[in-house]
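Chain lettering (A, B, C and D) follows the sequence in which the chains are written, and residue indices restart at 1 in each chain.
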Amino acid sequence: MTVPALQITQLAKSFGGVAATRGVSLTIMPGERRLLIGPNGAGKTTLFNQIAGDFLPDSGSIELFGETITRLPTRKRVHMGLGRTYQVLTLFPRDTFLHNVALSLIGSEGGGWSAWGALKHRSAMLEQAEQALVGVGLGQAAHRRVSETSYGERRRLELAMALAQKPRLLLLDEPLAGLSAEERETVRVLLEQIPRDVTIILIEHDMDVALAFADQITLLNFGQVILEGTRAEVIADPRTREVYLGG
Amino acid sequence: MQFWIVQSLNSLAMGGLLFLLSAGFSLIFGLLRIPNLAHGALFMLGAYFGATLLASHMNFWLAALVSGLGVGLIGVVLEAVLLRRLAGNEQGQVLVTLGVAFIIADLCLLTWGGDPMPLGAPRALRPPVFIGGFAFPGYRLVVLGFALVCALLLWLLLERTRLGAMIRAGVDDREMARSVGIPVSRLFSAVFFLGAFLAGVGGVVGGPILSAYPGLDADMLPLALVVVILGGVGSLPGALVGSFIVGGIYNFGSALFPDFAYVVLFLPMVVVLVIKPTGLFGRVLR
Amino acid sequence: MTGRQLAAWALVALALAVVPVLLPSAFYLGIATHALIFAIMALSLNILIGHGGMTSLGHAVYLGVPAYGVAVMTMQLGWSPVPTILFALALGTATAALFGVLALRASGLGFLMITLALGQVMWGAAYRWVGLTGGDNGIRLSGRPTLFGINLTDAVPFYIFVALILFMALFCLWQLDRSAFGACLRGTRDQPRRMRMLGHDVWRIRWTAFVLAGFWGSVSGVLYCYDYQYVSPAALSLPQSAEALLMVVLGGAGTLAGPVVGAIVITAIKTIVSSYVDRWYTLLGLTFIIVVSVMPTGLVPGIAAWVKGRRA
Amino acid sequence: MALSRRLLVQSGLGAATVALTGTVARADEPIRIGFLTVKTGPLAAGGIQMEQGMNLFLKLRGNKLAGRDVQLIVADTAGSPATTRTKAQELVERDKVHVLIGPLAAFEALAIADYVNTQKMPTLGVAAADDTTQRSASPWYARATASAGQCAHAIAHYAATELKYKRMTIIGDDFAYGHEQNAAFLRVFEDNGGKVVQKLWPPLNAPDYGTYVSQIKNNVDAVFMSFAGSNGFRFTKAFFEYGLGGKIPLIGGMTAMDEAILQQTGEDAVGIVSANWYSAAYDNPANKEFVAGMQRDYKIDPGYYAAGPAVAGAVLEAGMKALGGRFDDREALMKAMRTAVITDSVRGPVKFDDRGNAIGNIYIRKVEKKGGKNVNTVIKTYPDVSQFWTYAEAEFLAKPVYSRDYPPAKNLEN
């Protein structure tokens, strides 16, 4: 039997009495493309934050490729193969695209910045960073500063930074947010190109792209899993209508 | 026994004084996210205003009100002219408020000279109160009562009025407040006025205990910081409880551990912050 | 190093070298020396403020503790200069290592307050622990040392010594700026959460920066003690910490030249302008306000932007 | 009269030419006095009065000492030891002063002690740190005021022998000046049969004295306080607030009831006994003229800080007179000042011991209300008091310097 890429069991978290996550259980198999849907405030990003380790759950457990990570710090989860992009861009605005990706690579090295020498002398790493940028079609933008680039380019940089680390499980939080139709298409193709040895959990409101991309869909509301199934199952289920149309 | 009673009273009275000092600082920091390092100077300015008005035989409470208004006005100008354009630039705010503190301190020295100026409490409130055979200064109990009344009024203002609701919304989430149409800029001016007003009134009401002297600002600012840190930023109950805790630590600490008198406030603060970096009641300090 | 960078460093070296020639007397050279020592202190604090985004109000600890280290070792235990200096640097750096663990429990204002409180505790200890520190009377040094055969008593050799160390500090911090570590440190300043998500140990990056700042602060502390040949609790005081903070922010946090410029401006106002202007304290306050109003990011970036604007 | 800085810079150009051509002081060159004081920050109160006292002294002399013009160059130390040193350097090396007067605070004086020595700069100090004229005395330093312990010795004797106090509490600022006064008090008080049963040390920056006042034992005969600056005033207020005033007598050290805070202390001050080498109410012609001048020019009664420079000025004048108006030979000037015997300073007669500290009257003063204001009426004069009191100098100096814990208090009660 294959070990799940991610197994969440009865995860619960509340903030000052307000429950954000109420007993969520989730199993995601390696190579899967899983879409999380649900209205605003359903607890999707909160769930990502807990998988990433931004805060610790009150109860329940999280296993990444069979190893319990419930109380591990974020960086250890990253070193075990977890990657993430953010809905709100979190880049290093004063640095170049290349440096942004370089920071990502230094981070995945694990003991990290052991090198005190000048960054520009680490040619192997910079080469790798440039490859990652080429991979998302930003090869020409490598030496531009983040603050001088377009929003669409930054979105792709988010993706490049996550992909450069060669994650085994990738959490994508609305990678299409705020993009034009043209840019959406570019990113959609990029997502399609991610090899199947990377497991992906996706939050996305662009249903055309998201539904086409996903194998399985999980519907969340009020911090609970409402239902789980294939695209057809979820669309057909009356509870989906209920959640989205208000009930 | 007497020791415990008197020092407890001392702690309470000092707590009241500290609340008057720190409530305004806490408000300004909580809503505007401005570490107003001129707060000690505004408090001192209030004390000097009060001393001057009292010397011309003004009624004590009227003098407190007038000084508070004067200092509050200076606060509004400070906010509108210098600080508003520095929103989000914390280092700039530190620099500017420290600069203002320097200027106020120097101008006070120029205006009132270096010698301490007394502020007489209202005559009727001066005599010691006798509690079971020992004397306790009556005026300090008045300060305690005044602080509690102020705390109550502030609580009512924040919890029971429309202005208060807007202020709370601003403290919780500034962007959200702006997006639901709260006039955040005017609100900021109002809060800065209130904070500075409280500092000015506090300077006068605390005056009979502290007096006005050069260096009062530097003596008071760390106390306000300690109170706010222990109590938690932007929280009125936090500032109140923090004041009494600091009053207690100061009085019992200096009496029971005289060898540690120089570090009596800061050592416990380090301990608290290391164990609980958010302060005793605070949200995350970021 | 590129040719341009080499030229820039040569220019810095030249500027430091011509100061003794240009200044009219040993007195002014002494003031220049004070300014350079505070420049080293401000540079060290800039590691925290400018690169790490951690505003510390307790940096005087790393000026005062090693200064006391030098004074106690020299005057009470009679150690010779080299072991004294090594000990003082180790003492200051170790203090930073410990205080860093405490202060980095928090960030933002919490960090500022812990550093302030730790500074006040050390100040109180210096006042109260009279047996070791001499209390407010402080400790007087019997003179400047002879290092590697060079007697530092006179103004010129001491200036050269300090200038050399400032040059070293500038160079090291420039290297730091360009290193992978420097990039990581700035990353933790701008996006700590993202840094964690990229697998970085944010705490360790900050702590390392804190210790580095403590080390370079200690270098300035040792020089401070030899410069004034006297140390008292004032070296550990809150005003001293605030002054260092002001130097950094005034000159421009996060830039290499900013802290040096800030240190020179503030030292000049305190020592030279104060001879001509009675209300120099007000003037100092006004300077802060004007600089922040006109150049919110500090003198060096502000002037750089202005020059750029004029060229364009 | 303080010359404006700009004027000084202009005339300084002339001086610089002189220095370049290597000429020795011209016969008509004025004597340049470098005056170190605190004009900004929390210590400025005393510093401003120092400057006023100095200005008035020179004004009363027509800006001439021993027939020579005077240039006073005032430098602001800001109460910081590092700045004090820079300012001392400025006065000595740039302004080429002939003599230094000041600085105010002990730690400032200590910060420049070695510099003054290596520069061989005649310095007339006013700061009270005991050891600067005891175990670490310098030939270039003389103090015409008093050491911290000097006045405390006298009032301790007075408290034990005349006021007949037996059991006392002593309280003072927890820094060297407070330590030294309290230690001196304890020694003489206990040598004369009294007992110090309680010692309290509020930190220098105590926000409030309530907690200390309420610790004072209610069965002591009196309380001795040694505070500096505004702390004495604030302590006295708290003492009365807590109802101890009138119940337990309060007596004070050198600066506790200084004229600078005497009026502000109001009714509470009346009856408090203290000791100082000066009183604005001291009756001699020099002081009468000085006090009248202070009241006319600055609307205040002079106290410790204003009178100090006036005494130092008198010493300088006496030294210059002894040299026939010359001052270019520093060694001779210093020697002349330290061997001068002055009979008519504002503090009365004064001369120096061989370590450079004043020997002069110590006045026991009691605050009285006269003509609607508080005055320090002299009620007893201890004549020719040295810093060693009645102890033998060698024996005194063989012991450790006065401190928080020396001499040990053997009669403390818990």
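Details
Keep in mind that, in the parts below, a residue touches a chain if its C-beta (ideal position, glycine included) is under 8 Å from a C-beta of that chain, and two chains touch if they have at least 3 such contacts.
This structure is a prediction, so every number in the text was calculated from the model and none was measured.
Farthest from subunit C, judged by the mean position of CA atoms in each chain, is A. Centrality by Cα centroid goes to chain C.
With centres set at the average Cα position, the gap from subunit B to subunit D is 36 Å. Mean C-alpha position of subunit B lies 32 Å from that of subunit C. Chain centres here are Cα averages; for subunit A and subunit B they lie 46 Å apart.
Distance between subunit A and subunit C, defined via averaged C-alpha coordinates, is recorded as 42 Å. In subunit D, 40-41, 174, 203 are the positions where the chain touches two or more neighbouring chains simultaneously. Under the contact definition stated at the top, the residues of subunit C that touch 2 or more other chains are 124, 127-128, 239, 281. The set of subunit A residues touching two or more other chains is empty. Two chains count as a pair here when they touch; such pairs are A-C, B-C, B-D, C-D.
Contacts from subunit B toward subunit C in the complex involve residues 29, 35, 82, 85-86, 89-92, 94-96, 98-103, 105-107, 110, 218, 222, 225-226, 229, 233, 259-263, 265-267, 269-270, 273-274, 277-279, 285-286.
Of all residues in subunit C, those touching subunit D in their complex are 25-28, 30-31, 34, 124, 127-128, 130, 135-138, 140-143, 224, 228-230, 232, 234-235, 239, 270-271, 274-276, 278, 280-281. On the subunit B side of its complex with subunit D, the touching residues are 3, 6-7, 10, 13-14, 17, 105-106, 109, 113-118, 126, 128, 135-137, 139-140, 209-211, 213-215, 218-220, 223, 250-251, 254-255, 258, 261-262. Of all residues in subunit D, only 5-6, 9, 39-41, 75-76, 78, 80-83, 85-87, 89-90, 93-94, 106-107, 110-111, 113-115, 129, 131, 174-176, 179, 203-204, 403-404 touch subunit C in the complex they form.
Residues of subunit C that touch subunit B in their complex: 49, 55, 102, 105-110, 112-114, 116-118, 120-121, 123-125, 127-128, 238-239, 242, 245-246, 249-250, 253, 279, 281-282, 284-289, 291-293, 296.
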